[in-house]
Structures are given as C-alpha cells and as structure tokens.
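The same chain A turns up in both complexes below, where it pairs with chain B and then with chain C.
Up next is the complex of A and B:
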C-alpha cells in the first residue's frame, strides 16, 4: 500500500507545482503573515533570546558571556535535582492515577445506562475552566490545617487533623489532589471523544463471541482508546513538567522544598533572585527533557506501522 | 521512518518548543542595564504615580491634599499594589527597562540592594535632586543603607527596631516578671511557666515557611548579636557561631513545646493574635499598631519592651529593617517625584501624621520632637511606646549588609529552620548545609 501511495503523492504535487510556480501569487503569504509575525515576536524571539541569556551571567547589572557555566552549575545544584525529583514523582504517581481515573470516567460517561450524561460531562469538565490561581486559593482555604473545611469534616467523623500543607509528605498529596481535580475531567473528555468513534459492532461481535465486560474493555475499548491515551499522556507529561501555578499558590514550593517543581525553581531564580541567565538555562534543560520524554512515549506507545 | 512518524515528530518538536517559549517569557527581559530613559521634567507641573502597599499607601494618600497646597501643579496618584505583590511588579518593571513602573517606589531594605545591583540606573540617583543635604537627618546607619557607594538610591522612610510585645496578664498569671527578663534563656524558662499555668505558647513561627518572612525571629536573634547572613565584604556568614546560637535557641523553644505554628501567612497571624495563642509577639516597631488594630478590646493587657539579650549583658536593640522611597530611573518627572518624596519623608509634620495614622515609625529623627512619640499609650498599659523605640533607634546599631542575594539567603535560612522545626534536624548541620548551598549559588565565599 505505502509504495503506491507515495508514488501517487509524488506525482500529483509535482504536476501542480509546475503549473503554479511561475505566477508567485503573494496572497497566501499575506494571509499567513500576521501569524508568522506574531509567532516570531512572541515565540521565536523569546526562545532565541532566552538561549542567548542562558549563556550569560549578570555581573553588576551587565550581561557577561559565561559559556556553559549556567548549565554546569545546574548539574551541581541540589535544589535543581530536588525539583526534578519532585516533578518526576508527580509524573510517576499522579499522572498514571489521573489517566486511569479519566479512562474510567470516560467509559462511565459514555454508558447508555447513565441518565443526565450531559450534566455529568459538564460537571467533570468544569474544573478545567476554573482559573488556576482561583482554584489554588480555594484549595489552600479548604486544606488549611486549623480552619479548613476538609479537616473540619474529618474531625466531625472522628478523623485526625491532617497537616495538608505544612507536612512535606501531605503537601505532595495535596498538590496531587488539586492537580487530579483540575485535569481529570479534561482528559476524560478527550478519551470520551475517541471512545465515541469506536464502532458499536465491535462490542456486539465481542459479546457474540462470549466476551464479558472486562474482556470487552480490555480488548475493544483500550485498543480503541490508544491514540487518545497517547495524546493525553504526552499532554499530561508536558503539563506536569511545567507545573507552576498550583505549588506557587498552594505551598510556595515548601515545606522544605517538598513541592518545589522545576517551574517554581525557574520562577524563583528569575523573579526572586534576578538570575535570568540561570533561569533560562533551566528553561532549556526542561524543554530538552520534555522533548526526550515525548519522543520516548511516542516510540513506546505509538503506532508500530 | 514514514511520513506519519515524521509529522508526529514535528508536532512533538512544536510542543516542546512551545513549552520552552512559555518558560522563556522569564527571559524576554534583558538585564535592564543602562536604560535610564527618564529625566527631571517640569518640577512644578506633572502627574506622578506612587506604588506602595496597604497601610503605608493609605497614609501617603492622606498626605496628598497638604502636598498640593505646596505644589498645586503636581497631581499625585497613590496605588496600593499590595505586599508581597509589589516586589514582583517592581522586578518585572525594572527588568523591562523601566516601562510601566510608577514614578515613586516604596522599597524595603530586603529588596533595595538587589534592585540597585542588578538594575543599575533602574532607580534614579537622588543626588542631582538635592538628596545629600539630608545625610544627617535620619537615624544612624540609615544613610549607609540608601547610599552605600555615594550614589543616593532612595530616602529612608520607616526604621523598625526589634521589639517584644507581650500579654502582661498571662505573665502575671504565671508569676513571671516579664519586664525583668534579661536573656532569651530566661525567657524560655518563663515560657515553660506560662505554658504550664495558662496553656499558651511562648511565641509563634511559620514552621513550614509558607511565607518568605518565616525566619523573622531567627533574623532578629542574629541581629541582636550584631551578626547577619553576609558581612560587609559580602561574604557568607550564615553558619557563624551567632547563627548557631540563634537556631539552637529556636530549637530549644520548639522542643519544649513553646512554639505555635503560624503557617498560612498574614491571615493565620491575625487569627492567632485574635484567639490569643501566644504570650509574646517578638515583632518590630510597626507591629504595635497592628496589634492595637486587631484586638482593641485587649487594651491594658498588652505591654511592650525591648527584647531580652541573647547573651547576658548583650545588646537589646537592633534596627531590624527599614523601608524607603525611591524614584524610578525611567520616570520622566523625576523632579516632581522627588518633591513628593521630600515632602513625605523629610518634613516632620508628614511623618508625625503617618505615625498617628498607622504607627509607622519614622527614620527622620526631627519627627521625634513631636509630643505624639512621648504620650502614654492606653493600649499598652500607659507605657510610652514611642519613647521605648526611640531609645532603641538612638542606640548605636550596626548596619547590616543585605546584599543583592538576600532573597537567596532567606530561602536557605527558612529551609534550614523548617528542617529544625519540623524534622528536629541539628542546627549546626543545617546551617552549614545552607551556607554551602548559598556559596555555590552566588559564588560568594563562605567565611567560617
């Protein structure tokens, strides 16, 4: 199949190009110009500029070329490794849990047995619409150790007073809870959209062959969801590595750097310590990490065709 | 590799670059070096903006009618940016070469050296505007803070001395003479008795360091010993014997169960004061007005004194921090901005009005001639609060080198303190670790 496809593909555009090339119509370029200009000004320029910055140090207000010094410093910076470890923990624990939850949710929301599906779908998607800072503040109020609603409820049923934001371990749990609440519905919607394209005949055929609910899920639903799962996994990976708002509002990266993420550390270096060169180096290392992880995920989970 | 995989790769690359782009926003700044686009402007006619926060902003606003009698052509707008939001806002403004900055900026001692060092010309030199004639007008040590290298970066506004506000009724119940406490060792013993008799904590600390100022108390104990995070050469002195003494005192208090947890920032502090959690608030001058505003019904129960010494016979005074007004280097109305700064900070009547309003203690020595600083305070059991702190302000106190890396030092210190308070870590070990970390982050030498 692929041989004949590519043969056709190479023949047709070549013929077209021969016909249109001499005319050089400016209109298409004019149409894309605004987008290209905006992209250049607000994406390409900052990306390039921050790379240049990452090779500089600020000494007495002047930028001094420092070569790879910022990158070398990064390797020996215990706080950077702490931040990386924290991000990796979230990636390894929170993301799989959230995606499993989202898959379950998508299947439930797709079920014809469920009444008021629209309402439920809306309900689970709504957190995504909430502003990051707003929900961070709401969570920090709810989780306040002494005056928060969560501990009040726990205590009213005889539970313990949990130091949600003030104990290193619980602070991580709180961060995971907030992230899960915010993003599960979003991922569930992507999975749901994909689920609706899985042909019902496949389920019918599986049922005729005597497959139970679990086997139908395992052998029909999951393979059908595969591209969407890959998409949500890659999006969640990128999102997780860039997490900033939640720890910034909830914990400030504390206690004792237990919830310090790479995004938080980058922010601190740029805006608390005015170390823009070092912050840019962190941004670049982060971008490379994200690219590598994404590549790995495509390799492992992507279509083998 | 077929076409599909290649397209995917491109998408992936785009996503990754997009990620870098979002984060690279931090870098779209340049260093702001040498971008002084401002000028003196018309000294008699201008419209200027002032950035401050909460209480001080309200007090500056209240000065405007009086200011306009002297300068009818200058229109002043005071904006309450909020604290700590103002620091990010000033930082981004300076990093953008001054665009979007107000003309007059209210800046704390913790940020001033960093701004000056990282953004030369970000703040206007006030010498050409006539600042130097006020060299001796302010409390001792202040001029060194605002003009460390000749250039005058700002004028001092408030000067805060270390204080010790306490619930006299609780100490009385416990049978302890709070006024007679000479050292912090004695204070810990007193704290045990207070806890035993009244169930109240001695004091509160933001144990998980939910706010950057969680190490206020530690810093005060350090300053009472004349020590700080940096020496005057800018070298790191974070694990000095003085720092170890201070951290060990805090550990002993915590291990004895005398320290309540103030995590959650300002609102947690307020509710703790309202519910009377602790017997002592070891806060500086400006905090008296806050207590009075929060629990007016407790008038007469509160008293104030200077803090006990760390070592017997040691100092009980320290100027723990100050705030200042600076003029933005990018301001096109620097002369008019300076007129407002001068009016607010060097005119005793302005400072007296501000003190009456919010209890903000002036660095301007001449202001203290006003009777308001010598009146007995009904809230503090008839004590002359103003005189207590004036005495502290007049006692020679070393100027502390906050340096451009104060924010990093503070982070290292609060992390160390959190380890001690939450995990029972060894003070010497965490301070050494913090000093080494700070050294590698800043390239400064650690002196031991």
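Up next is the complex of A and C:
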C-alpha cells in the first residue's frame, strides 16, 4: 500500500473503507477461483476446441485441416435440413401453444376463484421433476398403437386408432404432447411469479372503468406478464433447438426422420459415426442459430428498458 | 352476484381438476403398470388396477441390469455432485455478489455465456478430454464438468446479494476473517436458498442423461436413466421390469419435490411465488 493510498483511506469513514478495502485483497478472487478453474477447463476450453475440431476432418485416425469443408458439407446435407426443419416446426407450433397454455394456467392458478390453489400448483409442477428418460419411456408405452392406454381410451369412446409413434405426422404430435406435458408447469411457475407482482389496484381500476374479463386480461395481465413471457420464450427457444432426450427415447428420431432434431443429428454424427469434425460444425451452427434467435426475440419483444 | 361468483368458482375448479387429472395420468398409470408383467402391460383392455407382479419385475431388473448397483451409482453421483457443485456455485455467487474486484463484470458475463451456449457444443471435446484422462466409466467424469453450473452461480448471486453490506463491514471491523465471515455470518441465514439450490442440483444430476450416456460405457457404471434407456433398446424388451425401474427413478424425486416444494419453488424464484 503506497503512502498516498493510506492517506486517502484515513480520510474516508471506517465503514466505507472496509467495503472498498477488499479490492486489494485476495478474498474475492479465492471465492470465485474454483468456479473459474472448472469453467475454464470444462466449458471454455471445449468451446474453443470444438471450433478447431469443426475445421478438421478425421482421415485414418488423424486430424487433417479441412478449412470450411464441414460447413460446406452441412449446407448440402439433406438430413441436416430435415433436422433443422423438424426443430423449427416444434419451435413454431409447440412453443407458442405451450406458452399460451402456461399463461392460462398461471392466470387460473392465481385466481381467487380457484379452490385448493396450493394443491393445484403442486400437481401441475410435478412433471418438471420427472427425468426425460423416465417420462419418455412412460409416454412410449402409453402411446403404443395397438395396446397403449391412450388408444384404448379413444376407441372406447368410438375414436380412431391413432398411429402415435409410427406415422411421421403423429410422431411429431406425440413429441409435442410429451414436451408440453413436461414443460408447461415450469413455464407457468415463472409466469405465476411475475403475475403476483401485478398490483391488484390495476385490476380494480380496470373493473371500475367497466372492462370485462377479456379486456382486463388483454390490457392489464398481458402487459404485466411481458418480461416473464419474453424469458419463457427465450428459454423455450434455447431448449427446443437443443432437444435430444425426448426423441431419443420416444421415437429414436423416426419414423422416416420425422422427429430427427439437430441435437439428435449431432449426437449421431459424433457418437455413432465418430465424425467429430462434422458434429462440431453442427454444434457451432446450432450455437449461432440460438444466439441469433435469442437476440432477435430480445430486440423485437424486449422493452426499451 | 354471490351465487354467480360461486358458480364461476366451481366451474374453474372443475375445469382445472380435469386438466390436472390428465397431467397426473402418466404417474398413476406408471404406478399400476410397474406391478404387471410385460405381457399384461400390453393386454387389451390395459390394466387399470395394481397387479401382483411388482416383485418379479424388480427381481428381473436386479438380474438383467444389476439395478441395485445402478441405483447406488446414481445416488452417489447425485449426492457428491450436489455437495461439490453447491459449494462451487455458492462461493462464486458470494464473490460476485458481495465484492467489487477487477474483472468482476467480465467474469459474470463469461459465466452467463455458459447459459446460452448449447451444451452440445462442448460434448465432443469433453468426451475426448475424458478419454485422454482415462476417466471414462468413472464418477469424476460425470461429476466434474458441470460443477461450475452457470444457473447455480446466477441463483446464488441473486440470493446472496440480499446480505446487508453493513453486516459484513461490522464483522470485518471486529477482525473476523473472510472465510469465517462467510461460514458463520453469511451462510446460516441462507438456508432456504441453499436448500433450493441443493434440490435443484440433485434433480439435475439424477435426471441428467446425455453426458452420463456418453462417458459411461460399462453397464456396471451406469446411472438410472442410462440403464433404463439401454434396457429399452434391446429386442425382447421387458416392459414390466423397465416400468418398475422407471417408477424407482421418478417416484422418489416426485416425493422429494412434494415434501420440499415450498423451499424449492420460492428459492428458485427468489421468494417470488406467494400463497
């Protein structure tokens, strides 16, 4: 500590000196050190290494520099476009439906008219603690075409036998159903937390002005929910583009690649064909897509604040 | 007016009950199916009441998948992970929340980058790293890579920001060391937030699938999800046994959640959900 430093320190109040003092002490660095070391070794290094890999090809067990060849191959790979299309379909159809459902659920769970609110919240949040593999297995048996419970129920009320997992279109519907079952409660929880911060006076004022239930929802609830909706949208987008576990267990990516996602295609290339360079290129394109979509959502939907 | 309100209340409660029932069907059905043989599960009509095949299913599971070992692997990995990741995330969250130091903003930004960069980007290099270290089929290969979990650090930074600076300052003036201050003054009132973090970490590790699937090759090192997925892949799948295993994987976590849901939900949302 230099002379001028201690001269300054002696002039500020004791409490403030104590607060600013750690700036010259090792304590904060020691607190963050384990996280920094682990993050560098197991996150930053692999992120960098993955980019290097994406510029290489494996030829006879040796890495050969290949420039942008993996990325060029990706552009002309019909399976990659199929996977991208499947992920985009889930993003365009399942995510908005799920968020609408979650919004309705959050509003209902927040309503004073609902009896036993605590129990309902508990029940609707339960799916989110169930592992992806566990619920994938349960859904695959429930949706079995000939012997599953769902088709048995449908037939008992005179409905058709639906090829849930064996028809390309229905397999997508099944995947969407499973995703919705698992994540709606989680999103409703985030929305509910935000909903409870909307002042009751706003609703009272709207009611005094003669606004009906729909207009109160449209002009008070929705604007109040905006930041939470943006958060759930961004989280769902990131999650959807990475989806792997559900199709892996539920449909294996089939039938006819109808439920092949980018996450699955990446896994197949890396750990089935051991084409690490190509898999890394897919990973980087995926990361860029997620970053662009996230930014776009913030720009279009985010508040100026 | 009162009667109308009561009618609306009943209607809403009834509608939500139907919705909840459909959400809970998979759980109820899982409990029933786990007690039936593979043949009975796919009987027509499907079984709706518990059967007497639970013990046989569990025996098959223990024999075909060494499921006792698998449960032990999962419990050990999830417990060790919860303790270590809890420590790493809490320490880092405290450092970021309560100290001003050079590079703090940059460090936080880089850590949060980990939240948005898909885990799949790191999958291949991490696998190669583990193979080079000869760590495949070991617990540390599963546990170490995710210890500095960005979400956990973010959560603890939010929670620990609420610790009053005056409390820390007065401790320092009394000559209390930084580590003692952290352990004796900062942590004790943080119990609810720590409990929420612990539940989250345990669930995360217990349910994690892709990473364990990649680094665990030998069936004696499998965790529960990896073992269940491997059983499902074979030709003559014993669904009675798999569903019994699935129940063993899912129901304890559901019970844990029901027991501790208050701490969990309020801790994750920073006390935001009220009654």
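Keep in mind that, in the parts below, the second predicted complex is superposed on the first by the 281 of 305 C-alpha atoms of A that agree within 3 Å, B and C clash if a C-alpha of one lies under 4 Å from a C-alpha of the other, contacts with A are read in each partner's own complex, and residues count from 1 in each chain.
In this text, a contact is a pair of C-beta atoms (placed from the backbone, for glycine too) under 8 Å apart; a residue touches a chain by one contact, two chains touch by 3 or more.
Note that this is a predicted model, so its numbers are computed, not measured.
S.K.: Looking at the overlay, does A:49 come into contact with chain B only (first), chain C only (second), both, or neither?
M.R.: Both partners, chain B and chain C.
S.K.: Taking the superposition on A as described, I'd like to know which of chain B and chain C A:294 touches: first, second, both or neither.
M.R.: In the superposition, A:294 contacts both chain B and chain C.
S.K.: Just checking: does A:267 make contact with chain B only, chain C only, both, or neither of them? Give me first, second, both or neither.
M.R.: both
S.K.: Applying the touch criterion given at the start, work out whether A:193 contacts chain B, chain C, both or neither, answering first, second, both or neither.
M.R.: In the superposed model, A:193 contacts chain C only, not chain B.
S.K.: Once the shared chain is lined up, is A:165 touching chain B (first), chain C (second), both, or neither of them?
M.R.: The answer is first: A:165 touches chain B but not chain C.
S.K.: Is the number of chain A residues in contact higher for chain B or for chain C?
M.R.: Comparing chain B with chain C, the partner touching more chain A residues is C.
S.K.: May I ask you to decide whether A:79 touches chain B, chain C, both, or neither, giving the answer as first, second, both or neither?
M.R.: Touch status of A:79: first partner only.
S.K.: Is A:255 contacted by the first partner chain B, the second partner chain C, both or neither?
M.R.: After superposing on A, A:255 lies in contact with chain B but is clear of chain C.
S.K.: Report, in rising order, the residues of chain A that make contact with chain B in one complex and with chain C in the other.
M.R.: Correct list for chain A: 42-43, 45-47, 49-50, 53, 144, 147, 238, 241-242, 263, 266-267, 270-271, 276, 279-280, 283-284, 286-287, 290-291, 294.
S.K.: Note which residues of chain B are touching chain A in the complex, please.
M.R.: My answer: residues 2-5, 8-9, 12-13, 15-34, 88, 91-92, 95, 114, 117-121, 207-212, 261, 263-264, 271, 404-405, 407-408, 411, 415, 418-419, 422-423, 437, 440-441.
S.K.: Which of the residues in chain A end up touching chain C in this complex?
M.R.: Residues 14-15, 18-23, 25, 27-32, 34-36, 38-39, 42-47, 49-50, 53, 105, 108, 111, 113-118, 120-127, 129-135, 137-142, 144, 146-149, 152, 156, 181, 185, 189-190, 192-194, 196-197, 238, 241-242, 244-245, 248-249, 263, 266-267, 270-271, 276, 279-280, 283-284, 286-287, 290-291, 294 of chain A touch chain C in their complex.
S.K.: Chain A touches which residues of chain C in the complex?
M.R.: 5, 8-9, 12-13, 15-16, 19-20, 23-27, 29-30, 33, 41-46, 87-89, 91-92, 94-96, 99-102, 104, 107, 110-111, 114, 116-129, 144-148, 153, 165-166, 168-169, 172-173, 178, 182, 203, 206-207, 209-210, 214, 224-225, 228-229, 232, 239, 242-243, 246, 249-250, 253-254, 256-258, 261, 265, 269, 272-275
S.K.: Applying the document's contact rule, which stretches of chain A touch chain B when the two form their complex?
M.R.: Interface residues on the chain A side: 2, 6, 42-43, 45-47, 49-50, 53-54, 58, 60-63, 73, 76-79, 144-145, 147, 165-168, 171, 234, 238, 241-242, 251-252, 254-257, 263, 266-268, 270-274, 276, 279-280, 282-284, 286-288, 290-291, 294-295, 298, 302-303, 305.
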